[in-house]
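Each of the two complexes below includes chain A, the first together with chain B, the second together with chain C.
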Partner chain A sequence: MNIKAKTNAISWSFIAVAVIMICVFYFYPMIQALIMSFQSGTGTNLSFVGLDNYKRLLSDTSFLTALKNTSIYLIVQVPIMILLAMFISVLLNDKNLKLKGFFRTAIFLPAVTSLVAYSVIFKYLFGPDGLINTMLLKLHIVNAPIEWITDPFWAKITIIIAITWRWTGYNMIFYLSALQNIDNSIYEAARIDGASSFRQFRSITVPLLKPIILFTSITSTIGTLQLFDEVMNITKGGPGNATMTLSQYIYDLSFKYTPNFGYAATVSYAIVILIVIFSILQFKLAGDKNG
Partner chain B sequence: MGKLKRFFMYLFLSIASLVSIFPFLWMIVSSTNRSIDVTQGKLLPGPYLGENLKKVFDTIDIVPALLNSAQISITTTILAMLIASLAGYGFEIFRSKSKDIVFSILLLSMMLPFAALMVPLYRMFGSISQTMPFIGIDTISSVILPTVTTAFLIFFFRQSTKMFPKDMLEAGRIDGLSELGVFFRVYVPTMKTTYAAAAIITFMSSWNNYLWPLVVLQSPEKRTIPLLISNLGSSYSPDYGVIMTVILIATLPTAIVFFLMQKHFVAGMTGSVK
Partner chain C sequence: MRKMMAVVLAGMIALTAACGTNNNTTDSGNAGGDNGGKETEKITIWAWDPNFNIKVLNLAKDTYGAENPDLDIEIIENAQNDIVSKLNTGMSSGTTKGLPNIVLIEDYRAQGFLQAYPDMFYPLNDTFKAEDFADYKLGPTSLDGKNYGLPFDSGVTGLYVRTDYLEQAGYTVDDVQNITWDKYIEIGKAVKEKTGKDWLSLDPNDLGIMRIMIQSAGAWYTDEDGKTPNIQNNPAIKESFETYKKLMDANIVKVHADWSQFVANNNSGAVGSVPTGNWFTPSITAAADQAGKWAVAPIPKLTNNADSINASNLGGSSWYVLNVPGKEAAAEFLGKTLGSNVDLYQTLITEVGAIGTYKPAAEGEAYKAANEFFAGQNIVQDFARWTAEIPNVNYGMHTYAIDDILKVELQNYLNGKSIDDVLADAQKQADSQIK
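And then the complex of A and B:
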């Protein structure tokens, strides 16, 4: 072997393990899932049924409910969280702000907790005789305890509050680091031109933050489409199926009810398709504003 | 800036901080109280932490769960650091067109939702169980293997390697080190902070992982901490003081890691999108 071929072989060996691992544990299962999505049967006895699973998907009320719930989380929670993260990071970027380190650490802290641990804490905080209700009653904000977990509407609100609490600080960090990279002289020039702080935010900060807005909205969208731990541990998907998510439905189809791996794989492809659609959409939106 | 505006700024940040910290404070306070105090909305620390701790260790198998979680998280972190940094280094230092294509394909794996991989992975480990029971279903290896290599971590190491002074590698080669020698003797020692950040992120996500262990671990003695907590949380007559003590113990390792390495952690998170 000549030296060039040898170096080339060595260089591929550096990445070989990673490539093999990702092929075995990501791409191969994904192909398996595609094949399984055309199969049906219980447990491991699967037989090909063509497009039956995909037809079933469109008339499956549980699936449609899970899809609707997931969309509600997505449409309501992601924009709220991203605006909140952006707003907080702009405040924290003020160079005259005191206690900056404290505020930043405090608001980021939820991002390091385990999803299960915080979910259980939230479940108790929002329980029928939980602390939130006790306080609301004592402060005379409500007359009767709110059924945070057992009412279909409030249960969704509880999940939205929980995810917002957990992920706002996480997203804030990305905005904060992007803001710190913006040259302050741009703002000074704008101020001399007499631009108000809202105008500065709209015309300078937002356009410069666009890559981060795109990054955070795509990761949050993917995260929301995969939502599982919180719903499983706060509401168990209930009441009825009012908070059930797509991931949880796949889990139920595979491991809770009589296992139907084929149909579960079909539902999981629905998530893949949604992720692809949303990602393309978000890239498009970001791209159009650039032009 | 106007005084009023400044006032509202501090007010808003104080409220946001309080809301963020409050569940932690409540967890700590509740772990020092009896269940009945917790349900009555007591917000002051009580004298029952010792009693709660005793109940935890007497009635709940928390020690095996902690050991399982520790074993899984530490092994995952070590393997992940090795595999991802070799790959990140390999992709950046030995750049070629074909490697760039491979890298782009690897990145696509970040878009794959775990829920979609879960069932095929479960079947895969099911069939491995027949021939190699030690890495099949219900083993620690089955928890570790699918989560150990992530495109995110490879991406993270590759980004950090872009800044690496290439002259140092050349110097190592001239001194007669092999390519692996250059990697371990020159690159690894210089990239300590990158490794620290990556290790924290990996350790935390492994320690907190829930869905895959839930699927693949079946016997109670193999349970990890999140599975244990989830199980306690779903009991009908919960002892709130005891459960909060368990959550407190389970949160401590990641909280300590976080506070010790806060700087690296934040740098690591933000470095990944630059």
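And then the complex of A and C:
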């Protein structure tokens, strides 16, 4: 063994433990799940069915509804949240703003609250006799209580409000840290050249934030595709399947119905495929090699 | 270098596998030792609902403990959903570590568990006499002629009504005895008109009331085999859908989104009646200020279905012994308490209000006592009588999967889709999903 090989062996031995852990706890389950996605049956009575599960996916109305709902959350909620986070972070980055720390903490705080606790509180806020309805009625904005949780349309809105409330502050933090890395002299130069605030935002801030925009939209996309807690705790996927997400469908297939773990694994692989497609798309759209 | 890595990796995997095998052997070794020796044994029991099932277990534990101090019984309260997920993960992974000895399972789910994990349950044929229990409980709890579940909570339904609201609307309790759902809606409209109160509280995401209606006609989501979906040409399902729509159209329904809102709607006097399972009694009596204002009548029956009767079931449950070390002790505990002890059932009635489905217990004194909260009505005897009439149906393995399909179609139906299309589409989905 020459010196190079020896150093190599030593360095490998350092990372060997981590590599083995990753293999055992990440890759092994992933491969197992892939194998399982070609099996079907109840509980432990699984048998190989080839591509049947994947064929079933395409004609499964519950899956398609879950996919549709998840896409609606994705298309409506992620852009709103990203823009909101960017907007708030620019406001909070203002040098002249007082109580900056307080506002930043207040907006970030939802991201560290317990998922279940906040979902339960949202359920009560938006309940038929909840605070929101009481307020809207008192202020004469509506005549009858809005069915926030029991109407298919409003239930989706409730979920979107809930996830926006929780995750905007989280994304804001990334933008804030990125904004602080932008050299102030660039803005000074722009001001001297007579650029308006909006022009500065459009031509300086947004382009320089591009890597962060890409990062937050990919993580938000992944988060939305895996959305589970809010829906499970606020609406249980209802009314009907109006708010059901893909992750919740996996839960139902594995635990609520007579379990079919094979088919549940197929649905989870469908999510994996979607995440890969969306991430590639976003990288392409961002059009930046450094992104 | 690559080769070396491969060797290291393979070695580690082999080691992990070996550890696994070793553990298993030690497990069974221990188990053998436990069964052989006559030391203090320990069993664990999982159940939900602290005011009902857990109280029952504690009373059974005290009764059994008085004569058999050697058995250490640990009762663990879990939400029902948690029990279902824990059982599924435990049983499908093939390790029985961490699973209880006795577990409560809802009747709707029982066949799913029994058929999905055939070796995981311990037959109880020698533990209790099946003929001593209500007939309709034996179908869901047994498989291939073996009884796996000790029937417990009857789930018999009744119509809880506010007598004061009825009187204001010009009716008496006699007017709600053995009525049809159409008559029920008619009375509800009168109550709403006279009192301004809604007639019942419903959750659009819970088809419980439809399951009550369907079973009252001796029908279910599936054929008698419990596997073939039977929706499209099922007159009981069709009429249940129509009845549900009539309820909603009559503008007598207050909507709730979860259990606590449901209980609140009833306890606050916002609604005049509750058609549900007898396990709801403790929630009704929790509003002590309403004592004397409630009565219980038989559940309404479907108006146009000749098979429908004024008795049905909603969400009963039974006890199961898992096929893990300690099963003999667990089975004996169940057999000597809830499987045969008439005196225990009298205590359960007086202290918990749990009726059970053990026929000989109905002869006891506690079953004959009047209930002051219900203005002296003997609700236990009434419920026990209706229990005997409940049509026996096979819930099969897919109740909740089909339930979810029907929920969606029910929304479509309420939004104007025709009933025939609704049922045809539900049938198609169920056919393709249930395999």
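Please note the rule applied: the second predicted complex is superposed on the first by the 274 of 291 C-alpha atoms of A that agree within 3 Å, B and C clash if a C-alpha of one lies under 4 Å from a C-alpha of the other, contacts with A are read in each partner's own complex, and residues count from 1 in each chain.
Going forward, a contact is a pair of C-beta atoms (placed from the backbone, for glycine too) under 8 Å apart; a residue touches a chain by one contact, two chains touch by 3 or more.
Please read these numbers as outputs of a predicted model, since none were measured by experiment.
Asker: Touch check for A:275: first (chain B), second (chain C), both, or neither?
Answerer: Only chain B is touched by A:275; chain C is not.
Asker: Looking at chain A, which partner touches more of its residues: chain C or chain B?
Answerer: The partner with more contacted residues on chain A is B.
Asker: Using the superposition on chain A described above, determine whether A:109 touches chain B (first), chain C (second), both, or neither.
Answerer: first
Asker: Return first, second, both or neither, reflecting whether A:122 touches chain B, chain C, both chains, or no partner chain.
Answerer: First partner only.
Asker: Let me test your reading of the model: by the given contact rule, A:165 touches which partner, first (chain B), second (chain C), both or neither?
Answerer: So A:165 only meets chain B here.
Asker: Quick one: is A:56 in contact with chain B, with chain C, with both, or with neither? Answer first, second, both or neither.
Answerer: Once the two structures are laid over each other on A, A:56 reaches chain C alone.
Asker: Classify the contacts of A:9 with the two partner chains as first (chain B alone), second (chain C alone), both, or neither.
Answerer: second
Asker: Let me test your reading of the model: by the given contact rule, A:264 touches which partner, first (chain B), second (chain C), both or neither?
Answerer: Only chain B is touched by A:264; chain C is not.
Asker: Quick one: is A:94 in contact with chain B, with chain C, with both, or with neither? Answer first, second, both or neither.
Answerer: Only chain B; A:94 stays clear of chain C.
Asker: Go through the superposed model and pick first if A:242 touches only chain B, second if only chain C, both, or neither.
Answerer: Touch status of A:242: second partner only.
Asker: Where on chain A do the contacts with chain B and the contacts with chain C coincide?
Answerer: Of chain A, residues 12, 19, 44, 123, 129, 236, 254-255, 261 contact chain B in one complex and chain C in the other.
Asker: Once bound in the complex, which stretches of chain C touch chain A?
Answerer: My answer: residues 1, 4-5, 8-9, 12-13, 16, 81, 84-85, 88, 91-92, 94, 109, 111-113, 115-118, 203-205, 254-258, 261, 397-398, 400-401, 404-405, 407-408, 410-412, 429, 432-433, 435.
Asker: Residue numbers of chain B touching chain A in their complex, please.
Answerer: Chain B residues touching chain A: 1, 9, 12-13, 16-21, 23-24, 26-27, 38-41, 43, 83-84, 86-87, 89-91, 93-94, 96, 99, 102, 106, 109, 111-124, 126, 145-146, 148-149, 151, 154, 179, 183, 204, 207-208, 210-211, 215, 225-226, 229-230, 232-234, 238, 240, 243-244, 247, 250-251, 254-255, 258, 262, 265-266, 269-270, 273-274.
Asker: Which bits of chain A are touching chain B when the two form their complex?
Answerer: Within the complex, chain A contacts chain B at residues 7, 10-12, 14-15, 17-19, 21-22, 25-30, 32-33, 36, 44, 88, 91-92, 94, 96-97, 102-103, 105-110, 112-125, 129, 131, 134-135, 138, 165, 169-170, 173-174, 176-178, 211-212, 215, 222, 225-226, 228-229, 232-233, 236, 246-247, 250-251, 254-255, 261, 264-265, 268-269, 271-272, 275-276, 279.
Asker: Report the residues of chain A in contact with chain C in the complex, numbered from low to high.
Answerer: Of all residues in chain A, those touching chain C are 5, 8-9, 12, 16, 19-20, 23-24, 40, 42-45, 56, 59-62, 65, 123, 127-129, 147, 149-150, 152, 235-242, 252, 254-261.
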